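Each of the next two complexes has chain A plus one more chain, namely chain B in the first and chain C in the second.
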Partner chain A sequence: MCVHAITLHRTPNAMNRVVKALLRRHQTITGYVLVLPALIYMLFFVGYPIIDNFRLSLLDVNVMNVSHGEQPYVGLQNYRDLFEEGILVTSIVNTMIYTAACIVLQFIIGLAFALLFSKSFRFAQRLRGFIMISWLLPATITAMMYKFMFSGDGVVNELMTQLHLGSHVDWLVTPVPAMITLIIANTWIGIPFNMILLTTGLTTIPKDIYESASIDGANALQKFVRLTLPLLKPAIYSLLVLGFIYTFKVFELVLIATHGGPVNATQMMSTYAYKLSFELFKFSHGAAAANVMFVILFMVGVLYLWMVRREEVSSS
Partner chain B sequence: MKKRYSAWLLPIVGIAVTILFLFPLYWMIVTSLKPEGEIFRTPITWYPHTIDIKSYTEQLSGSSYNIWNGFKNSAIIALGSLAIATVLAIPASYGLGRYKFPGSGVFLLLFLVTQMLPSSLILTPLFILFKHLGLIGPTYWSTILANATIGIPFSVVTLRTYFAGLPKELEESAKIDGCGTIRTFFRIMLPIAMPGVVVVMVFSFLFAWGDLIYGMTFISKESMRPITAGIYTFLGFQSTSWNNTMAFGTVSIIPVVLIFIFVQRYIVSGLTNGAVKG
Partner chain C sequence: MRKMAAGLIMAALVTGLVGCGSSDKNDNGSTETASKTDSSTAAATDSTAKTDTAEKTKLTLWFYFEGKERFDKIKALTDGYTAQNPNVEIEPVFIPFADFKKKLSVGLAASDLPDIVVIDNPDTAAYAAMGLFADITDKVNAWPDKDQFFPGPWSSTILDGKQYAIPLGSNNLALFYNEKMLSDAGVTPPTTWDELRTTAKALTKDGVTGLGIAAPGNEEGTFQFLPWLLSAGAAFDQVGGAEGAKAYGFLADLVKDGSMSKDVINWTQADVMKQFASGKIAMMINGPWQLPELATNAPDLKYGIALVPKDKQFSSVLGGENLGIVNGKHVDEAVDFAMYVESPEVLKNFAQGFGYFPARKDVAADPYWADNEQLKVFADNMNYAQPRGPHPKWPEISNALSEALDKTLLGSGSAEDNAKEAQAKIDKILGK
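After this line comes the complex of A and B, so read on.
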């Protein structure tokens, strides 16, 4: 009604402009109304805690003063404590070794699975679906299964003895084998994710490229190295970064299978931050450790967004 | 150029690979059905020679916590988180997918970033926040609220691509027929995006179902903790009773397997949408 009253005596051109402006305002308002509830929720329960982490890491908050009482400002003392104690550095190194090993293994096996199950044979689709289960299971359950299989009298040691592959290994209580166990367990979780993304990547490669390569006399290996891998590049990029982020998150798996042990040999940044806050009740130290983790993740996140942007620019 | 042997060789290789790959799952279920004495018998028994379902029926020693109670707690937490995530994420993804407004790019970026943050990163400040809100104690609320923060960004990012992909003519023809914004959404857009909605609901449920860190940190009363926390507690005992723990694990994957059976084809598409296009 109102619109008509204002625009009646104007020229059609001006009328169009007014209608457009009103439509745009309608778009903006509706957009905000729809998005803001979820955004505010996330800002309150995720955004605020991230900022509060910085505040907490500069104070001395412990079990005595967490609810009430004075929380003295100590500056960077918490960070100094953590780096002097050395476990934080150990946990950073452990997390990096673990993440790198997992990403590489998941990718190689995931690619092999993707190549196998993207061939058209009976049950291929269904079997690929079954493999997805390992990705959907709660990490707690996976940790429990691997802890059992790799325990002293577990099925892994039993198999190794039966097949004469080596002597009894105390997998979970010896430093290097404990790390290997965790890497195997996490690789098991990550394979389906790699397989699915690489399968999607494979289906986007046009078939006739291979045919013309065959005519030119290329063999299977040449076709794989020269054609398949380069054409999978976008999928590989996102897998590397997403793989990093998802593997870096590891918490339940380590907490349950090794609890960071033996003697911090598998202590990760996440489990260490948890231990500081909720086993030792040094909340400020926990916040400081989490902040170091945040800085590392932030840098990788920026790298990822930069890569996505570059892909988008080059493909458009 | 198809080779002869692929007709029977490839299915056999595929099945063998799948069976080997899923062995840990088989081993968990088999162990849960074995009597205590058979678990560490040498030579190892590859299937239970005597089936014993005692581990499913008895309460775990030294605690008031039993499997079905843990199952109930996990269900309450997961359904609560699922409800919050769905109610908030559907409008947000619709707004980001269908409307142009200043700041929408930044908002999407914020959701993308929060999707990648580990729970352990915000655990300490979140604990203190909930403590001030009076939600640390014998209550499910803190855990439900915290777990929804995992479902929301995933749902927004995944559903946005669904809504953005719908043709503009749908909306326009609905408008010509006299549908308002709200009616267009409920009558036309939402039903079409249903496969996507199912995917994000499933994932929001699964994220919360698998939660351990929030449940065991925020819920002070052991009998209200999720099933994953029960497993953690019982694995911490000096002598783990493996058939009981494995029964716990088997029961806790029931919803995962059911979901997998019913919505498997949606899951693959949801995963690729959320991860690649995100």
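After this line comes the complex of A and C, so read on.
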């Protein structure tokens, strides 16, 4: 819609503009009618919980008054409590570090795999299918698997000792290694997702561009930097945003592998909100923590839309 | 080269997957069998229901004990009750522990609740405060058996003078030791903290660590920490002093000595049991519910059981569950069922099969517990096993206690500072 508005704006002929505007109004009404069902659905199942959660975060609802009794309005006190206590800030920082590290690693490895499997060699198709398995596995299973592998006497420590790669590391119970373990686990999960989206992106790039680049004397690196990457841009954008959202709201993996520990060293925003609401029964604080997370994700979503629009405008 | 690299990656992925595939299968297997027995027995009762056309009152019971065996034992209780009271049918529903509290809280908001809940004793007060449970004070006062209960479990069912639940069964913690490892090292079971420290050190060698406990940052960690805290002379709401710091410091010293693995902060009590069963730890702190598990996992293992070593006094903490009576349409039937479960004959059979210690003195005096070398320790413990709380904000208090424990075990901050920090948090929770 916005793209149309802009092209309209650029039309020099005034007469033309009026006709188009009339047409557009008619189309607009039809358009609104068509989106109405989706709109109602969104209001009920997305809008209502968001608003209600916001309301909850402004009250003081805890074990004593969740089902009966007065639920006093406390304004932004819950948010103030959370920021004063400090674990929310820790969890925001943790989530950011985790998300950034996962996205970078997943993207690089996923791109490498996508490029590898875009070459036709024996078993390429089948291997690509196999790699998808880590994406298809339930996160709970993956979490248990990694918890097992990275435990004190697990296979990772065993391998490290056998191969003389270093001394014994208490992976899951030392703050930094625990975070590294989670990043490795999530990267493993996310690689196939990145690979598939990038493979799809690669197939949309016409082969003859590369041919003409070769004739012009471009080497492999030049072709990659000047052709592949720019032409993959739309795929990369959506990949990064989807990846960010998926990674940011990580839950089961952390809950099972480390439970946010040791001592909040891997506490994420989602696990912290869960802990507040369902382990400590501080429902309003939990809602407040979830809202902070919502705001961050919302901003990322807006940023994505803005980037996509700018991209479409510049290419139209 | 590329093909080889891809092959290597594949090999890594596949080996990774084999492990998880099998565990996945196991999980499915157990739930499948559980649901199968459920449906088959349900079908059986359905057909009997058709013959006597009288209308049946249907109740639901939620519990979190894993495995088919335990499901069957709960099912035996509900079936036994229906046999005596043909008009009431109680359906047991398994809900995983990880989901249990969430389901209850959400169910409370959505008014979608069972009639009876098997609830961890320290959580009883919190849910009573939330309004989940019915006030059954009058009904229980009219029950002659009420004086038979141990004071610890009984007090965990009361909040502000009102009764909300009936104890289902109890347990507490003791020290398990591997007899062979102790005799090989020429040491005897420790009874004091000092002895424990030297014994654990002597037992730590050849890939074996001296002691294992479960110290995760949750209720399980608090449960296992409290005996040490109480033994030092502190209490859950008085941890900031020298006694509290000593308890935290002592466990941290065991980690520093290498006599206890740092991994304990990620171990559940089931993990600790497996470590002990496989001979990776020489001693562990655990409860009587592990006895059947040990018999299955390590039938040849010779082990002894002793009281948790003491600082000032022997201490234990009360574990076990209550039958919470949900505030709803079927309070009368639910209370009646709870009283049936706790009637001496039913309780005796159930508690034996479940690895529970009975919460009733008259049943606990049965030779099965009183004359058994191993179980006697837990029986002695029952006399001074202290309940956790009871306090509606126990989960928050517990969180402060276990967080301080993990911090100290990891060596971040001194035991004194962490104990003081926990005290400050607890004071705030208690509104001091």
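By our rule, the second predicted complex is superposed on the first by the 262 of 316 C-alpha atoms of A that agree within 3 Å, B and C clash if a C-alpha of one lies under 4 Å from a C-alpha of the other, contacts with A are read in each partner's own complex, and residues count from 1 in each chain.
The criterion applied here is as follows: contacts are C-beta pairs under 8 Å (C-beta built on N, C-alpha and C of every residue); 3 or more make two chains touch, one makes a residue touch a chain.
Values in this document were obtained by computation on a predicted structure and should not be read as measured data.
Overlay on chain A: chain B and chain C clash in the combined arrangement. Measured by the number of chain A residues touched, the leading partner among chain B and chain C is B.
In the superposition on chain A, A:Q222 makes contact with neither chain B nor chain C. Legend: residue contacts after superposition of the two complexes on their common chain; A:V263 is shown touching chain C, with no touch to chain B. Looking at the shared chain after the overlay, A:V63 reaches chain C, while chain B stays out of its contact range.
Contacts of A:L242 after superposition: chain B is touched, whereas chain C is not reached.
When both complexes are overlaid on chain A, the residue A:L136 reaches chain B alone and has no touch with chain C.
When the shared chain is aligned, chain B comes close enough to touch A:F45, but chain C does not.
Once chain A of one complex is fitted onto chain A of the other, the partner contacts of A:T200 are limited to chain B, with no touch recorded for chain C. Once the two complexes are laid over each other on the shared chain, residue contacts for A:N53 go to chain B alone; chain C is not touched. After overlaying the two complexes on the shared chain, residue contacts for A:S212 are found with neither chain B nor chain C. Under the contact criterion defined above, the residues of chain A that touch both chain B in one complex and chain C in the other are 66-67, 116, 119, 121-123, 127, 130-131, 133-134, 137, 141-142, 144-145, 147-149, 153, 255, 277-278, 283.
Only residues 6-7, 10-11, 13-15, 17-18, 21-22, 24-25, 27-28, 31, 40, 42-44, 84, 88-89, 91-92, 94-96, 99-102, 104, 107, 109-114, 116-129, 131, 145-146, 148-149, 152-153, 156, 181, 206, 209-213, 217, 228, 231-232, 235, 242, 245-246, 249, 252-253, 256-257, 259-260, 264-265, 267-268, 271-272, 275-276 of chain B touch chain A when the two sit together in their complex. Within the complex, the chain C residues that touch chain A are 2-3, 6, 9-10, 13-14, 16-17, 19-20, 23-24, 98, 101-102, 105, 108-109, 126, 129-132, 216-218, 261-263, 265-266, 280, 392-393, 395-396, 399, 403, 406-407, 410, 412. The part of chain A that touches chain C in the complex is made up of residues 62-64, 66-68, 116, 119, 121-123, 127, 130-131, 133-134, 137, 141-142, 144-145, 147-149, 151-153, 170, 172-175, 255, 258-264, 277-283.
Contacts from chain A toward chain B in the complex involve residues 27-28, 30-35, 37-39, 41-43, 45-50, 52-53, 56, 61, 66-67, 113, 116-117, 119, 121-124, 127, 129-134, 136-142, 144-149, 153, 155, 158, 162, 188, 191, 193, 196-197, 200, 235, 238, 242, 245, 248-249, 251-252, 255-256, 269-271, 273-274, 277-278, 283, 286-287, 290, 293-294, 297, 301, 305.
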